[in-house]
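Only one structure is covered here, and it is reproduced in the block below.
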Amino acid sequence: MLVAPVSLRQRLYRILFDQSTRCGRRVEALCGFFALFSVVIIFVESAIDSHYHLTFDQWHTFVYLELLITAVFTAEYFLRVLCWPQPAKYVFSFWGIIDLITVLPMYVLWLWPEISVNYVFAWRALRTIRILRVLKLLRYMSSLRVFWLAIVRARHQLMVFYFLIAIVMVVFGSLMYGIEGPENGFVTLGASVYWAVVTATTVGYGDIAPHTGVGRFVASLLILIGYSVIAIPTGLITTHMSNEYQNRRSTRVCPKCRHTGHEKNANYCSTCGTPLPEGK
Amino acid sequence: MLVAPVSLRQRLYRILFDQSTRCGRRVEALCGFFALFSVVIIFVESAIDSHYHLTFDQWHTFVYLELLITAVFTAEYFLRVLCWPQPAKYVFSFWGIIDLITVLPMYVLWLWPEISVNYVFAWRALRTIRILRVLKLLRYMSSLRVFWLAIVRARHQLMVFYFLIAIVMVVFGSLMYGIEGPENGFVTLGASVYWAVVTATTVGYGDIAPHTGVGRFVASLLILIGYSVIAIPTGLITTHMSNEYQNRRSTRVCPKCRHTGHEKNANYCSTCGTPLPEGK
Amino acid sequence: MLVAPVSLRQRLYRILFDQSTRCGRRVEALCGFFALFSVVIIFVESAIDSHYHLTFDQWHTFVYLELLITAVFTAEYFLRVLCWPQPAKYVFSFWGIIDLITVLPMYVLWLWPEISVNYVFAWRALRTIRILRVLKLLRYMSSLRVFWLAIVRARHQLMVFYFLIAIVMVVFGSLMYGIEGPENGFVTLGASVYWAVVTATTVGYGDIAPHTGVGRFVASLLILIGYSVIAIPTGLITTHMSNEYQNRRSTRVCPKCRHTGHEKNANYCSTCGTPLPEGK
Amino acid sequence: MLVAPVSLRQRLYRILFDQSTRCGRRVEALCGFFALFSVVIIFVESAIDSHYHLTFDQWHTFVYLELLITAVFTAEYFLRVLCWPQPAKYVFSFWGIIDLITVLPMYVLWLWPEISVNYVFAWRALRTIRILRVLKLLRYMSSLRVFWLAIVRARHQLMVFYFLIAIVMVVFGSLMYGIEGPENGFVTLGASVYWAVVTATTVGYGDIAPHTGVGRFVASLLILIGYSVIAIPTGLITTHMSNEYQNRRSTRVCPKCRHTGHEKNANYCSTCGTPLPEGK
């Protein structure tokens, strides 16, 4: 008797979420469309809100739309939980958490409607959470795997360089804190380090900027030094990524030991010495 | 009887627009010169306009000049339509549309002269359209083909990364909207995403900038992360472009050891010493 | 009789600072933790100081914490001096100087407590010195050696390019000083060169910006030219660094065809199929 | 009889300017030192001038110093003209013009001293000319030849890309002029193109910035597109420069046809097929 629901679950999974069937791809596309639609709606809502200060208890269009979208995504969430081969694995995965979190705001407002009236910040925070639905779109970008692999491969070097950048920023930030001081906008050490990051990455807002001669000289030094250091993580990711692409491109397999990833102009397998077949 | 005009058309095309004859190149150069001249005139006109607010019904020098230029380009357009082997193909091509659009503003003003008096915006929009004549100069840059091919080859990867950038911008923009809020300039979600683009690309105008501690910390994160992601499309285009150049350089293969990538003027294979076949 | 203290010193060194023993690594980790802790404390202190203007003679929490940290680091310094195989070499090394300098501020304040009351600048300067403890963390980043080697190898080229950048900055800075002049913010030649650095590196604070037409044209030129020159040191470091990594990767040579650059785990030459010698 | 002065000239040239003799190198170093000294003096002068408005007819320290420096450089110029093997070639070379121009300001002030009193601009322009002495220091940077060769080799591609950048800037500048208009700072087409350059190169002063929603969207597009295009000239120069370095590094010469510039792992001369000697 217990076989039936399991097979129903399997059948549902194959119909709704299996990417190898046409129906599964359609459901996926529909979910993606809804996520995009929902994000656009929230952008429009925020633009109108800045003029007319919408609240939750006025039953305007955006509340109705949001209720509809929340209903759809709640249904999607429960269907996924029900149909997934290992529900627990889905619930605690990145996608499971995103799917759950972006559905909650409306329920929070439903339980405590006074939030939207009293606390402008909470209202804004809930909107921020709702907009995380945009992350659902990442599901459709399987080609980002190469990018992600490049980051994973370069993670040790990246950590070392981000750590080095952090130290350089702290040193230069505190130098400027000592030289320029609060009267020129370098109020705290934190603000000075923020200035150092904004400067060395060449963002340069100009909200905090050196005014004394010595300060400007140190800032010029930081710009020229920091500039060279900050570009390194970018270079690391790009190099690792192009390596990933090249490894993937050479698809020749050694006929004897099945080794892959040969150099483009290799004639012999580098693992067992067997001549490699001609080809791409 | 109908043969005559066709052959006249062919003869006109060969004289005016065929790049393999000296006369055709001269006509092309003249059109380019006129386009450049016209753009310079519009720049001067706009500089003077900002002081004396020119309108169309005062018959000043710039109106006369523009009438002359419009006449020249109208003649060019009709000649091209008449002479082109397949007129329809020209009319609906990129160049055909540019040639037509940049000629229209004067006729619009001639039919509805009140536009230039009543609507400053329309007046400015027409000037913007006229300045698109600068695009005609792209005709002379055949070497951009390599650049264009590189973009076409990298289009899938470029789309994936621009899409990823868009998602990162939306997530960080809405985070800052939640953290900083309208009181610090992050008025709408759209403005916050604009801030994220301006920040992650290191433009950093400073018209919108974080003021709270948490906001500055998130901004620093965005700068360091976004920085690495945003440089990737640039790297992709550069890599593909240098590949295009290399592919163009040499496609000769050593007949003995199958080594490729020989220097352009190499006579012998640099790996095994076999004479290389003649060729590109 | 003199053998005893020497062997005690050796034993202490082995226990406390020898990285090959577990105890040595633990002491090192503890020192690193204290350095990090101390830096965090100073950040918090500076944030609170910007509201309540702390001074040294009010015996608040931060003074007690700083006394504790100073005591720990003083002990560390003396232990290192006592235990090091060649104490003089340690004292005059980079680490020795950093360890000493970051310990001094509290003693200075203890001897001349009036400094913290009368001179806000000195108070700030001492805090800046204390924060240099963050440099102690560089001890744990042995992988930076590759980065450092790359800089050392490229030092001649780097110097040439930084010198070229300096000349370009001076020329453009003085040009803008001549064109824009003090009325547009280019007050002195120094400020103009500072503007040139901030502009060519694309930081662009906007505190000094051209306002005349000619000035804006020269600024655009500087941006496009300087941009290409300033990126070169970054490119040099990255190239040398990737070379260092590759050199490290493999120095094996094929005994038959002298091909180099084999993959790390290759057993056979990829060009001629000869077995490769064992080795790094 | 006429042989004597010629041989005197030759002897003087060998003593003063021949880089292969120790004396020649010393004179060169002295000239370089004077150029650097003079530039430092002008920086100090401009810093003091911004407080006390120095003029030429008050005989202060800087006038005396400048007279001394002018005398030295005048002597240098005449000696070079006298001693150079082909004086005309020197006079009309880059260095000859720089040497002459940077000497003139003091003579101009001596002939028309009223300039420094009446025209602040002329006074500043003369200072700008004097500071061009910094260009004399380029004489000592022979290693810049590789950089210069790279630019010369890439000049066609560079021109194409700078031309493309110019067109993109004009199109986006005029678009923003049409969208934002004078009320948001986009006063003239020239100012709009200046904004486009400042934005696409990620300088982003913030003196002109979009304020409307559409304008911000177009600006974001320009940033992302322009960013990829503007980095290309930098990439071109870097690639050509690293090629120059590599060509220079492989110093093996074909024993038969004297061809150089072989690939690093080449076994046979690519021009005549002769086996190449082992070696770097």
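Should a chain be cited, it is by its letter among A, B, C and D, assigned in written order, with residues numbered from 1 in that chain.
The working rule: a contact is a pair of C-beta atoms (placed from the backbone, for glycine too) under 8 Å apart; a residue touches a chain by one contact, two chains touch by 3 or more.
In this text the structure is predicted, and so the values were computed from the model without any measurement.
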Between the pairs C-D and A-D, the one where more C-beta pairs touch: C-D
Of all other chains, the one whose Cα centre sits farthest from chain D: A
Taking all residue numbers at the chain A to chain C contact, is the shared part over half or under half, that is, same or different? different
Distance from the CA centroid of chain C to that of chain D, rounded to the nearest Å? 31
Could you tell me the distance, in whole angstrom, between the mean C-alpha positions of chain A and chain D? 44
So which bits of chain D are touching at least two other chains? 47, 190, 202-206, 213, 265, 267
Help me check something: in the complex, which residues belonging to chain C touch chain A? 39, 42-43, 46-47, 49-50, 120-121, 124-125, 127-128, 131-132, 134-135, 137-138, 141, 143-144, 147, 162, 165, 190-191, 194, 197-198, 201-207, 230, 233-234, 237-238, 241-242, 262-263, 265-275
Which residues of chain B touch chain A once you look at their complex with the stated criterion? 156-157, 160-161, 163-164, 167, 170-171, 174-175, 177-178, 181-182, 187-190, 199, 202-206, 209, 213, 216-217, 219-220, 223-224, 227-228, 231-232, 235, 239, 257-261
Write out the stretch or stretches of chain D touching chain A in their complex. 47, 202-206, 213
